[in-house]
Amino acid sequence: MIVMNKTCESLRAAVADIADGSVVMIGGFGNSGIPLQLIEALRQHGARDLTIISNNAGVAEIGIASLLKAGQVRKIVCSFPRSSGSIWFERLYEAGDIELELVPQGTLGERIRAAGAGLGGVYTPTGYGTRLAEGKETKVINGKGFVLETALPADVALIKAHRADVWGNLIYNTAGRNFNPIMATAATTTIAEVSDVVSAGELDPECIVTPGIFVDRVVTQEASRHDAA
Amino acid sequence: MMRLNSDEMARRVAQDIPDGAYVNLGIGMPTSVANHVSDDRLVIYHSENGILGVGPAPAPDQVDPDLINAGKQYVTLLQGGCYFDNAESFAMMRGGHLDIAVLGAFQVSERGDLANWATNDDTFPPAVGGAMDLAVGAKQLFVLMRHTTKAGEPKILNQCHYPLTGAGVVKRIYTDLAVIDVTEEGLRVRELYGDNTLADVQALTEARLLPPL
Amino acid sequence: MIVMNKTCESLRAAVADIADGSVVMIGGFGNSGIPLQLIEALRQHGARDLTIISNNAGVAEIGIASLLKAGQVRKIVCSFPRSSGSIWFERLYEAGDIELELVPQGTLGERIRAAGAGLGGVYTPTGYGTRLAEGKETKVINGKGFVLETALPADVALIKAHRADVWGNLIYNTAGRNFNPIMATAATTTIAEVSDVVSAGELDPECIVTPGIFVDRVVTQEASRHDAA
Amino acid sequence: MMRLNSDEMARRVAQDIPDGAYVNLGIGMPTSVANHVSDDRLVIYHSENGILGVGPAPAPDQVDPDLINAGKQYVTLLQGGCYFDNAESFAMMRGGHLDIAVLGAFQVSERGDLANWATNDDTFPPAVGGAMDLAVGAKQLFVLMRHTTKAGEPKILNQCHYPLTGAGVVKRIYTDLAVIDVTEEGLRVRELYGDNTLADVQALTEARLLPPL
C-alpha cells in the first residue's frame, strides 16, 4: 500500500499556482489563527486582482494589510474591516480603490459553510430589516423574518492549523480555529500552514477537527522567516 | 442628577446576570461587566471567535496568542470551557442558546430597535462583526450605554436615525441614569438611580417613558 | 464560586417531564450511538402521541420499535424506516396507524442543524426533480436546482454520548456521533445518556464535540438494566 | 453471452478507482468493491454515518458496537481515518468532496437519471437514506448493477419508471455484460466483456447504445 502525503516542500511551492483574479479565503480572527506565512508567500508570489474573503482586513502592514499595500486586492468580503490600525484598508477604501462587501460575521460563516456543504444558500434572521438585507430576497417563516444568503465559495483557502498529519487531517490551537475549519471545506484548493506534520494515525481520530478530505496541501512554517507567527 | 460612572454601570448589569447563565459581552464597556459578577455565581462567557468559558486575562508569561476574545484581548479558558469554529459559535448566538447578550449602542428606539454598528457618515468605512447575529439570537438582549451622547443628545429615541442592527430586539436598557425595560406598552422605567426623577430622565429621552410599576 | 452540575439522578427523572404530543429527536444510526436506556425510560414514562425524529425506525422490539409497539408514536420523521427486522414500523405503516415523513438523510441533518443554528431553512440540491421535492419551493441558483427545506426543531432530544462532564460537555465513541451532536443543538431540552460523568476540566477542551451549552441534562447508564447498550 | 458474477463485477469497478481517491460505496454489491482494490493503491472510504478511512471488518473479539458502516456491518478505522457527525458527513457528500460514489440501481435512463430508492409499490413503506445526497454530490457517480432484472427486463431505459433518486447524475454504468458511459451524445459502450457484441447488449437494453469509440 502506498502512502498518501499532502505535505508541500515550501511555502512558495504551496501558493505557486494561485492565479490573478482568484477568490482567496484567509482564515483567522484578528491575529488569532491567521496563516501569516502563507499570506507573505502570496504577497511574494504576486498574484493580483484578488478577491479576499476574511473576517478582518489586516492591521499595520502585516497579513492581509500587506496584500492591500501591494495593490494585489480588488475586493474584500468581510465582517469587520475597520480595526484599530487597519490603515491600508481605510486608505484604499477612502480613495475608492477597493470594493467592500460587508457581511455580518455569522452570515459570512454560514455562506462559507453552505459552499462547503453543497447548499445553494440559507435563510438567516440576521440582518432582517437592516441595510445589509437591502436588495436581498426575504421570507417570513412561522412569523419570523429571514434573509436569503447565498453560498460563498472560493478558488483557494489559506488556513492556519496547529498540526497536520500526512493525510491532511488538522487540529488547531485554542481559539485559532475560528474561520479555518469552514474555509477548508469551501475552496477548490485548501492550503494549510501548520507548526508540524505527523504520520497518519498520530492524531487522535476522536479529536481531528478538519478531516483530510478537505485539505489539499499542508506546509510547515519556516522558522527562519521574520514573519513567523 | 445622579450619574453612574462606567464601573458602576457595569456593576449594575452584573447584578442581573443569574448563576449558571451563558452570556456574551460586547466589545467595550460590556466586557467589563464580567469584573463585577459576584464570586458566588458561575457565569459562562461566550466569545464569538469560538470560546465558551472565557476566563480572566492571563499572566504576561502565560499568553497564548491565539487565545483572544472578540475585542482581541488575551484571555484564558475556565476548567470546563471549550473551543469551536465560527459556524458553531454563531449557531449558539443565532440559535437562541445564549441567555443574555450585553451590547453597547448608539441609539435604541422605543420599540427596541438597536443601532450600534454604523453612523450616517459614509466616508467612514463600515464594520458590523457579530452584532447583528447577537441582536437576533440571544434570549435576552441588554443594552449598556450612556443615556445621552457626549453632546447631550438623547440616544433613546422614537426611532433610530442610524442604520439598524436589529429591529425590536432590545429587552432592557442600562444607562448611567436608569434601567428601562422595553415592553409591549412601551419603555417602562424599572429603576431610577439615586434621587433621579422620571421627569429628570424623561427630559434627556426623546421616546416617552412609562413610570415604574 | 458555585459548581454547575447538569447530572440527573436517574433515567426516570431525566424524562419525567416529557409531555404527551411532544416532538422527540432520538440520536443514533441503527444501533450505533442510540440512547437505548433513555428510550426505555420514555417507554416506561408512557408519554403518547409523540412525533419521533430519528434516522431509523427501530428493529425487533428494542429502541424506537418499543415505542411503536407501545402505541406511543403518532408520526415519525426519518430517512430509512425500513430496515431488516423493522417489523413494528412496517405493521403500523401498513395499517395506516402511523404517519411517515420521509426525508433524505443529509436533508434531515441539515434541517436539524438549521433549527439549532437559528436558520429558517436551507436550499439543498438533494431531491431536486424527485418525488421528495413535490410541493416544495425550488430555486435555480447559478444554473443548478435547489429545494427549500425548512428548519426541524424538537421539544426534546434524547442523545447518546460516551462521556460527559458536569457542565454537559460531551465526547462520543467512534461512529456513535452520527445525529447526536446536531440533535443536541435543535431541541428545547436535550438529555444525554452517557457511560460516565467527570468533573469540569477533565475533558480536553480541544476534543469536546458537543459544548455544554447545548445540553440540559446528563444521565449515566444504569448497569443493572437489561437494556444496557 | 459472457456474464460476470458479482465478484467479477466488483473487481471491474475496483480497477477504475485510482490511488488516493475518496470513495463512498453503497450498500450491497458496491460495498464489496473494496475487497478487490489492489494493494498498491490507498483508497480512503467514506461511510455516511460519519467515518473517513473505513478499514476491514474487525476480529470478532475486537468489535466496537458503535463502529459500523452504512450497511450496519462492523468495521474498523484505518490509521489516518477520523470520525464526524451527520452534518459534516453529508457536507462531504453533497459538497462535491468525494471523488467517486458507487451505487446500486433499479433503473438508469439514457440521460443518467438514477432510480434506486423506491419502486411503484405503495404498500411497501419507502426508505431513502443517503442515496439522494450521494447522487447529487459525488464528483463521479458509478452505478453497479445487473444489466437486467431477474425477470430479464431491461434496467437501462429511455426513462426511468420508478421514482428518481437524482436526475442526470450517473456518469458510468457497470453491469454484468458491459461498461457504459453516460455522455452528452448518449450512452456510449466503453467495454464489452468477453465476446459480447454491441447487438447482444443492445437487445437487453431499452435505451439506444452507442458503439465503443
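The letters A, B, C and D name the chains in turn, as written, and every chain counts its residues from 1.
The rule we apply is simple: contacts are C-beta pairs under 8 Å (C-beta built on N, C-alpha and C of every residue); 3 or more make two chains touch, one makes a residue touch a chain.
Remember, predicted model here, so these are calculated numbers, not experimental data.
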For this session: Could you put a whole-Å number on the gap between the CA centroids of subunit B and subunit D?
Result: 54
For this session: Could you grab the centroid distance between subunit C and subunit D? Build each centroid from C-alpha atoms only and quote it in angstrom.
Result: 29
Exercise. Subunit A to subunit D: how many Å between their CA centres?
Worked result: 34
Exercise. Among the residues of subunit C, which ones contact at least 2 other chains?
Worked result: 110, 113, 117-119, 124-125, 172, 174, 205-206
Problem set entry | Contacts with two or more other chains, residues of subunit D listed in rising order | 77, 83-84, 87, 90, 93-94, 136-137
For this session: Indicate which of the five shapes (line, ring, star, complete, other) describes how the chains touch one another.
Result: other
Problem set entry | Chain pairs in mutual contact under the definition given at the outset | A-B, A-C, A-D, B-C, C-D
Exercise. Mind pulling up the subunit A residues that touch subunit D in the complex?
Worked result: 1-4, 113, 115-119, 165-167, 169, 185, 199-201, 203, 205-206, 208, 211-214
Exercise. Which subunit B residues qualify as touching subunit C in the complex?
Worked result: 19-20, 22, 39-42, 44, 46, 52-53, 77-84, 87-88, 90-98, 136-137
For this session: Flag every residue of subunit A that touches subunit B in the complex, lowest number first.
Result: 29-33, 55, 79-83, 89-90, 93-94, 100, 102-110, 112-113, 124-132, 172-182, 209, 229
Exercise. How about subunit B: which of its residues touch subunit A in the complex?
Worked result: 47-51, 64-68, 72, 77, 83-87, 89-90, 93-94, 118, 123-133, 136-137, 163-167
For this session: Going by the contact rule at the top, pick out the subunit C residues touching subunit A in the complex.
Result: 110, 114, 117-125, 139, 141-142, 144, 146, 150-151, 171-172, 174, 204-207
